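One chain, subunit A, links the two complexes that follow: it is found with subunit B in the first and with subunit C in the second.
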Partner chain A sequence: MGVSHYTVAGLTMIGEPGSIRNNENTPGGRAGPRVDRRSFLKATGTGLAATGLAGCLGDDDDGTVTLGAMYIFSGFASLYGDEAERGFDLAVEEINENGGIDGQDVEIIARDTEGDADTAIRQMTSLIEEDGVDGLFGLDSSGVAQAMAPQVEEQRVPLMVTHAATPFLTSPEGEHDNSVGNEWVFRNCNNLSIDMYGAAQVAAELNATEWATIGPDYAFGYETWDYFQAYLEGLGADAEFTEEQYPGLETSDFTPYISSVIGAEPDGVITPLWGADLTTFLGQADEAGWFDEIEYTLFSVGMGTDLPADGSPLPEGQHASTRYDPFVPESEENETFRETYYEEYDTLPTYNAEGAYRAVYLYKDAIEGDENDPEAIRDTFTGMEHSGPVGEYRFDEETNQAVVPAIWGAVSQDEEWESNVLDPVDVYDVTSDELDDLLADSELPSGV
Partner chain B sequence: MSTGEEGIADRIGAFGHEAVRNGWTTERFALLGLLGLVLVAFGPTFQVYLFTEFMIIALFALAFNLLYGYTGLLSFGHAMFFAGGSYGMAMVLRDLTPHVADVVGSGIAPLVTFGLGAVAGVLLVLLIAIPVGWLSVRLEEIYFALITLAFGMLVFSVIIQNPGGLTNGTDGIIVTLGITEIAGIEFRLGDRQTYYFLTAAVVLPSVYAIWRVVTSPFGTVCKAIRESPDRAAALGVDVTYHRWMTFVVSAAFVGVAGVLMAGLANVASPYHAHWTTSAIPVVATVIGGATFFAGPIVGAFVFLYVRWGISRFPALEAHWELFFGLMLIGVVLYFKQGAAGGLLMLRGWLLDVRGAYDRGGTDAAVAYARESASARLGRTGGPSETEGGERE
Partner chain C sequence: MDLSVILWFVSIADIVIGLSLGSRLFLIAVGLSLIFGVLGVLNFAHGAFYMIGAYVALAVTNHLIDNFWLAVVAGALAVGVVGVLIEVGTIRPLYERAEGELDQLIVTFGFVLVIHEVVRFVWGSQPYSMDAPASLAFSVSIAGSTFSAYRLFVIGAAFVVMAGLWLFVTKTYFGALVRGTSSDREMASMLGVDVPRLYTAVFFLGSFLAGLGGALSAPLQSTSPALGDQVIIDAFIIVVIGGLGSMFGAFVGAMLVGLMQAIGPQFIAAGHIAIPFVAMVIVLLFRPEGLFGGIGE
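Now for the complex of A and B:
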């Protein structure tokens, strides 16, 4: 499985020799490493030098707030970067037309991570040290995001993740072997753990006991299945888990995987397939009689790629989730965003567009009336209450994860918007404690 | 032209003339180069980072070219050795640091573990390269490229599968170099400048070692095999065995580059094993010129710094692949010998200009430069054939 287990001591030791002492002896261990980390950086002086440099560069061009946007803009997942760009472009336009941030214009420097950690880290270093950005946001790939987390901590620049979904990113370092969360990394969209909580709620309400999965062959596929099972078991649902299939990314022939799943005769299937893979899968699944044989299919990334993608849309009546729904909540803020976005781009906003849009506003709200300084921004983000198209929410103080609901609904074609929408749609509010309780029997962190 | 400018031009010319006459030997240029390397360390912090990455990619490409440019085997799977190095390092750092600390004390443990990791990385690479090379060198040309590509993707798949929890799947392994304390002095190996000097201290001897390999009888046999395997065999060379050994040596140096990359990027990422990473030394070598020893180094420099230059301009960054592609087309079409070949042409031209200067002073040099430039521009219709031919 994708989640592997090493000795906790081993990993923490590699991180910082000092943090072990703190974890063991400080009551409320999570606060411990922070203090220690700070002193560790001060001791070496590098962190301060980096901050100083970033600060100088940032102040040089006063009159602008500069933010670095890092997404995948090339290759087979470039769709995500393009969607995000629409979102942050719109936010920049709106903010600058309305007097900017304390009278300063916002400028966004977009860089291509190429979905690769080496490139992403080089781009990040350049954004911080050469462009003196005041903050960073973006990231589509969870693997890249996890490699980036220790780096932004060392550079002492805030990072607002808007898409990468792995719960380990907002699980404080030391909580689990794979946890990389720290005080500089925030996430403004819901994560895989929240999404699977919603999926488990949907599944528990359905007349289905035998479950299977077909997901992409990497951490995201495995983690989806791990969390789905853990939440269903946590909810005490009567569920059996019978079959798992992991076709590789960019598979062209899904038939053997489809046959294996159909052969296991599950009542329901959860699938985190996405992008072009989802489109290919849908065509081949339909031909193989998937939707006649299997009662329920839950698409966890469906709405992320369905709106912009042409080709096979999700079949009506199936369940799908989204991290943001253009019609939920029915607030004025959301309606205005939806209408403006539709007018500008002639399509409904996807969650990636909304996440990027909201990240710019988060920086605006954090900087406005306060110092434009990385530490001040970080402190404001910590535990911040905010509202945007997605609704009102706050950041959990320990994990820096936005506590936003899981959104699941039935796919239906909407004539007015000429698009698939979720109708009816269910919103599952979550609390950090509740998720921790449900996962208590598993070793998985809730990341909330 | 004003007299002031003429004075400066004269003075520079006179200085260069003087310097060569006074015996500016290779050693002196090497010393100057070393001084330059030290100065880079005090440049802007990002430039230090970029130059460190350049040195690593240069070593990667240089080691690859041992097999390609010198032995005539195009490997499309060298990323597996790059990943072998980075994963060897990352796994040792992750799993052995506490044990090493028990043995040598926690102060010096990060440094010792780094050394162990480097050794482990290279050993892991040898472990892969010996059997893979033994099987692959039986094939030539496109078949060799394909079998190495296949082995490379096999390694990539194995890393993704996370066997026994060793590789951590698609997320890769995070590398933290920690704080070393020796005799009360604390330093971070991962500090930008420290790591830069460390990289330079590994890459420079490696480059020298590769230079010694290609200039040795071993390297001469490599070139003989490249030119004609049949004739080399007729001379009594065991072609397959020699190719195998070259493959292993090449892989080992790629492993060293991989080890250094893990420490720089702070992650051993499965993309280190992906075929797109295998393409990096191929592209760098094509840009730089495979027939020159320094070709891959020049190519790696162009590869990284052009990409960096593009990223400085948002309008270019938005379509960076297009501009990068155009550059590649330009190099392949107009510089058959690569950028290193281009530099040599430039050197030859400058020497000609200096000859003109010696004969008739600044005016003659300018006149020659103008003449040759217009002659060159007049030939833009098909310059590649003549230039390619001249250098063969």
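Now for the complex of A and C:
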């Protein structure tokens, strides 16, 4: 490991005019003995231009493919960044050990978005303008992703989103008031729309008609509920929607919300609570007798938090979804990834780890044998067919969304892996046309 | 909306939850109110004090001794000591300064930022949870709803603290000094009251109560660096509603805000967080001195 690193300024080269001069003339040497002001400024300017234009001002002659990884590395959802880092570290190690990308090493510069749009945009600008990255990937928060989409379009750098789930990110601009999709933004994991299609399929099969939700008080919470209802109605299921609660992010006591939901006596609840909020909620829900009172709880982000086994695990038997399941599909590629990952980190890979891992390989496959150029990468991603641990899939040409299935299953403790897994697990394959048909009566875009 | 319609929707469970939220808020708001009532200092760092109480209790049970009650006492005492150090070191020099109130406000706000960063440095930014004491780790069913015995205990603790404070302030010699000094500091000083020492004692008591609130609340909530910021806003609303400087006002205000937080989600799915703010605005408009007023009230 150790290939990825966190940087704050990203201007280290510019402070060393000698190294820039050496980069032009005498590779490998240290700074020259004398540097006057004029040559310093000239070298700085040259360095900045080279960084901005070529984007690969590496230490070695062969150049480096530099990718910017943007995740939440601090705060209540830092778990997601840690998981993603494991994934992209593993990919980088594998790729560099096997000759890199056309002989060039891959380097990841990881930045903390803090789950905040302004911070994320600042980091993105720094990654592009100061570090000259060849491409970007990551993003955990839908709110951040929606704010970033127009920015990457302006900067003309490809962005492979690996976690943030809002359908509006891959709904072409103009399709809906909230749509921000554009030709530079791609997503390699399933989105909220696909996930809620799966949730509606699960819900329609259960002996439950009255449904409620408890979700975070921002777009992701509301969209989950909107899509869940729209798909259940699209499927023609006998369902009533009776209660909705939206506690703020980082709520320390969910008890009033829990009491309101229990008081409405729904048969089932869908919850997109995530990060540490989910952990806090689980403990307080258990204390309030939630799982005795409510027959079915569907956790749409549960397995992302749950697998690493710190914090309260999801109760066995409840339904949860995942964007990637370490045991699905039963392919050699998935098995190899699962075994390698487990050997390296002593835990099963979560979907955030797999998404980040696969993003690096997507860049490798796009750049290999082709030009390392943002527009060329973008064009290769468009409609690209790809294969990874998650299985074989392709990117929809109009939306840039990977067409991958919804995965829902029952939470079960697995002794062999010392982890929660989904068993039994159901895979819901679906096409964008089918999703559009189901959403026809709503104004929601499928984002696929 | 007809009152009977509201009561129809409000269950016993909501009231119990509201009182438990209110109890926690009371422990922080009463200290804030006490310090303002006697010293005239609006302590912005009081929410951060509450947070320290929770973290110290966590640290004690996790690393020193697995005894919940000792951890609570340690949390409260630690915050009391921190309060004394801050009062003696940074606030006391400002009492005599012209426009000193503003300087005090800025100093205490500075400590909000400092404490926040220290906590982040020491414990990180992820939230922690803490188990309730084994003796209270059982469930109680009230009107068909399940509560942990510990939640009910915290409600009881708030009532005991309120009664204790009332007796302390109205029936003891020290309480008489506190009331006298809050009414007229110069007169108290001329009559031989050691005002600086009294101020420090009151600051200790207020800080101790915030630490006690934080430590007692640790098993009922997640503890993260955001905790202090969350509760200080509620505490300010409470003391405005109850009347700055009034202990009884803090108690009533805390319980009202707790009930609003518990019952609000029943009526407004999102946006109910604004209800206590609206209540505060109404109080400020029609009864700017708050529902109650003055130390010992």
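Keep this in mind: the second predicted complex is superposed on the first by the 386 of 448 C-alpha atoms of A that agree within 3 Å, B and C clash if a C-alpha of one lies under 4 Å from a C-alpha of the other, contacts with A are read in each partner's own complex, and residues count from 1 in each chain.
The criterion applied here is as follows: contacts are C-beta pairs under 8 Å (C-beta built on N, C-alpha and C of every residue); 3 or more make two chains touch, one makes a residue touch a chain.
Source: prediction; values computed, not measured.
J.: Determine, under the contact definition given at the top, whether A:Gly143 touches first (subunit B), second (subunit C), both, or neither.
T.: First partner only.
J.: Does subunit A have more residues touched by subunit B or by subunit C?
T.: Of subunit B and subunit C, the partner in contact with more residues of subunit A is B.
J.: Identify the partner contact of A:Val180: answer first if only subunit B is touched, second if only subunit C is, both if each is, neither if none is.
T.: Only subunit B; A:Val180 stays clear of subunit C.
J.: What is the contact status of A:Gly263 with respect to subunit B (first) and subunit C (second): first, second, both, or neither?
T.: After superposing on A, A:Gly263 lies in contact with subunit C but is clear of subunit B.
J.: Which partner does A:Glu129 contact after superposing on A: first (subunit B), second (subunit C), both, neither?
T.: first
J.: Given the touch rule stated above, what does A:Thr224 touch, subunit B (first), subunit C (second), both, or neither?
T.: In the superposition, A:Thr224 touches no partner, neither subunit B nor subunit C.
J.: Between subunit B and subunit C, whom does A:Ser74 touch in the aligned arrangement: first, second, both, or neither?
T.: both
J.: Across the two complexes, what residues of subunit A are contacted by subunit B and by subunit C?
T.: Common to the two interfaces on subunit A: residues 74, 217.
J.: Considering only the defined contacts, which subunit A positions touch subunit C in the complex?
T.: My answer: residues 74-76, 78-79, 217, 244-246, 248, 250, 252-253, 255-257, 259-260, 262-263, 276, 279-280, 283, 287-289, 292.
J.: Note which residues of subunit B are touching subunit A in the complex, please.
T.: For subunit B paired with subunit A, touching residues are 44-46, 49-50, 53, 93-95, 97-98, 101, 106, 160, 162, 165, 168-172, 174, 176, 178-179, 186-188, 191-192, 261, 265-267, 269-272, 276, 308, 311-312, 314, 317-318, 320-321.
J.: Going by the contact rule at the top, pick out the subunit A residues touching subunit B in the complex.
T.: Going by the criterion above, the answer is residues 1-2, 4-6, 9-11, 13-17, 40, 43-44, 46, 50, 53, 73-74, 109-112, 115-118, 121-123, 125-126, 129-130, 142-143, 146-147, 150-151, 166, 168, 178, 180, 217-220, 222.
J.: Enumerate the contact residues on subunit C facing subunit A in the complex.
T.: Touching subunit A: residues 11, 13-14, 17-18, 20-21, 125-127, 129, 139, 145-148, 151, 220-224, 226-227, 230, 261-266, 269-270, 273 of subunit C.
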